Amino acid sequence: MAAKTSASFADPFIRIAVSLFEDLSRQTIALLGILLASLLIVPWLVNDYLLTVLIVVLYFAFTGQAWNIMMGFAGQLSLGHAIYVGLGAYIAAVLFARFGIAPWIGFLAVIPVAAACGATIGFLAFRFRVAGVYFAILTIAFAEFARIGFDHLDYVNASAGLFLPVAQYARNDLWHLRGNPTMFYYVILAAAAFAFVVCRALLKSRIGYFWLAIREDEQAARAAGIDTFRYKMAAVMISAVVTSFAGVFYAFFYNNLFPEQVFNISRSIEIILGPIIGGIGTLFGPILGAFVLTGLAELLNAAMAAIGFDLPGAKQVFYGICLLLVVVALPEGVWPWLARRIGVSGRRQ
Amino acid sequence: MTALLSLERVSKRFRGLLAVDGVSFAVSAGDLFAIIGPNGAGKTTLFNMIAGAIVPDQGSINFAGEPIGGLPADAVCRRGIARTFQIVRPFPALTVEDNVIIGALLHIRDVGKARARAGDILRSLDLFEQRNRIAATLTLPDRKRLEVARALATEPRLLLLDEVMAGLRPTESDRMVAILRSLNRDNGLTIVLIEHVMRAVMALASNVLVLDHGIAIAQGKPEAIVRDSAVVQSYLGAEPV
Amino acid sequence: MPIDVYLNVAVAGILTGLVYGLMALGLSVIFGVVRVVNFAHGEMMSIAMYLTVLLFSGLHLDPLVMLVPIAAVLFVFGYALQAGLINPFISRPEHSQFLLLVALALIIVNALLILFGPDARTVQTSYAFDSFQWGALIVDATKLYAGAAAIIAAALLFAFFRFAPVGKAIRACADNYTGALVVGLDVKRLYALTFGIGAACVGAAGVMMTLIVDVTPMIGPAYTLLAFVIVITGGLGSMAGALLGGLLIGVTEALAGLLFTPSAKSMFAFAILVLVLLFRPQGILGKRSI
């Protein structure tokens, strides 16, 4: 690498950053750079509506990456991830609405709860050998349990919904997450970028290698000395905590929460659509998937609005068809196919 | 001299079938120990019990003075016993190098150092040139050596090899024999192997155990075993090896 | 609460449970033979339910009369689905198949939403408010007919698999895929046939269910989950287990709805699922191959 410069405060960070990206091809790094640059300047170029669309895209890029840690890295299919979003949303919202606690502090309270929830599901599943499709059904059951439970929980207003006080601030309040879409955009962009860096670091670390081994062949992994129970639990808990931050964002962005919506299985399916369409287990898959899916869906919306149709449910049918096509024709997802086309090769991802 | 691995009256029953019936034997450190016998004799079941994949019903298994019977597979590996599988199981979608790095990461925390160690092992097993190839694309002999490499990366004191010669042509099998012999002689690695290829058994083993229908019918030096009438009757046949 | 209230609720639960059992039977047959986890099971049932509603309001045909034709339509749907879309997936990893059906379920639910809107539809037969009374026991006519139809359908299914040559051939495929191939059975066609039969079961159950509940697009996913809970509780691959599971869930739901709030009754189904998965994953009557 470059010759040693004089010791400075930034050295360790530079070294870490370099090691994270050193084995990527020049094209990949260039692509990343262009993507980041465009995402940074976009708010000056588009109107509020498109900005909101981009916020949704980045939101799904974020949750998709979080989900991918559990599925793509450790091989556990979760169809109930909405539970972590819901927990994060409700806890942070209640702490703010009733006690005036800022969301960033609220998130500190969310972390142990999300971790405990993930640990419970993981423990029940892994200790009792619930795997594959059964595990997926278990996760669905937990999310549904939460949905119905919160629907009857008067402390959070049950099915009538919890509303956050919307203050009319003249300027953006980052600490309380009150402000205009541009502020939220940068928050979710930072979160998605952070998730990307974290996933990359995890994959290259010792735990990342162990996760790959577990995903490939769990019995062989055990024969190589890997405590598969421990690392599967770690994947589930990390995934849960990261996803729960999305819940905090969700609560403060939309300002209203209904258990029927937040914990709904449709939310869980939306979370997985990005990574599956983009490519499970890859680094760029969830991001690409989120862009492609939401982008096309908005085009569909626009087209229908132009014609004069208003079909609630058309977007979901579209999502279903996309999922179907990908599963049938491009099982690895769009990203591996695209990467080959444009000649970008990450190394083993 | 106390044995590195000792089994005392180990038994395992699967519903109606008594797969292993009161088998006892001991392996000294530095030994090259072979287990032979007809198909269905219980050899792989015995291995699986030592390696922790199955729990014995009766008897005790001791390694380096500590009981290990009933420990899970990963705990057994951490104690120092590594194994390969009868149907070879490298991590198919990962590269050769990554396969071995995973093994090395058991005792080496730093990924960079683990990669260096993996490189050394791959070199000793003639796989370094192929380190960036995807494991599933390798030929069978190479995949077998890869599995051995991964097992070695976990720094075992004892290596369990389940029919590692199966499917190999005589030249490939000779190559594997040479590798195993050098590992045993130069590194002091204790090796226990299940084998059908008598050529390899005669070339390698210092001690042989013969199993038939779950029972140990003979034990001793290879030259004595091949002449043992019970062994000839049940397994080897009348032709001298 | 007086004892006969519990009794009536329990009996109502049993009768509904029989219909649940028929629905779960379809899922069990599909999984037991084709080894496909049909995540679109409840959605297929909702197709049958909407067909029933349409034909009832259009042609004023009683659901029980439409039972066989609608089951036949679902049979064709299931057959075509297996033959056209799922058969090529047999060699793919398990979660691939699963996601295929998740996609299908998503499409069906929302297509129904687009076609019929979110409001509930009902089938008001002439006997919708009738009931039979034996002493303290009061039974809704609709539930009684539905339950009786379910028993008959289940009995026919058992007989088919026991005695009919095609039924035995299907069981052979389930037992030993390669063996069936070796013996010359056209396994792909038998798989399609099986999926069709499973679909017909769920279709029949759907028709019966319109006598008992209101129809909205969102009941599809709810019934899919319920079918899984029943099948896993009763035992995957066991037909009797599916029926038993259905009865169990039907009664539990009904009593839970009585003792707690009705809207929370499915929480109990999920609690049962978790307990079964933990302590007896092969289900009550299942074989210990899990």
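Descriptive notes on the structure:
By letter and in written order, the chains are A, B and C; residue numbering begins at 1 in each of them.
What we mean here is this: contacts are C-beta pairs under 8 Å (C-beta built on N, C-alpha and C of every residue); 3 or more make two chains touch, one makes a residue touch a chain.
What you are looking at is a predicted structure, and each value in this text was computed from that prediction instead of being measured.
Without subunit A, the rest of the assembly breaks into the touching groups B | C.
Chain centres computed from CA atoms place C at the largest separation from subunit B. Taking the mean of each chain's C-alpha atoms as its centre, the chain lying closest to the overall protein C-alpha centroid is A. Once the centre of each chain is set as its mean CA position, subunit A and subunit B turn out to be 44 Å apart.
Subunit B and subunit C, compared by their mean Cα positions, are separated by 50 Å.
The mean-CA centres of subunit A and subunit C are about 34 angstrom from one another, to the nearest whole unit.
Remark: subunit B residues 51, 53, 72-75, 77-78, 82-83, 85, 89-95, 98, 101-103, 105-106, 109, 111, 114, 150-151, 154 touch subunit A in the complex. Residue ranges of subunit C in contact with subunit A, taken from their complex: 37, 85, 92, 94-96, 98-100, 102-107, 109-111, 113-114, 118, 217, 221, 225, 228-229, 232, 261, 263-264, 266-267, 270-271, 273-274, 277-279, 281. Residues 77, 79, 124, 128-130, 132-134, 136-138, 140-142, 144-145, 148-149, 151-152, 265, 269, 276, 311-314, 316-317, 319-321, 323-324, 327-328, 331 of subunit A touch subunit C in their complex.
On subunit A, the positions that touch subunit B within their shared complex are 204-206, 209-210, 212-213, 216-217, 219-228, 348.
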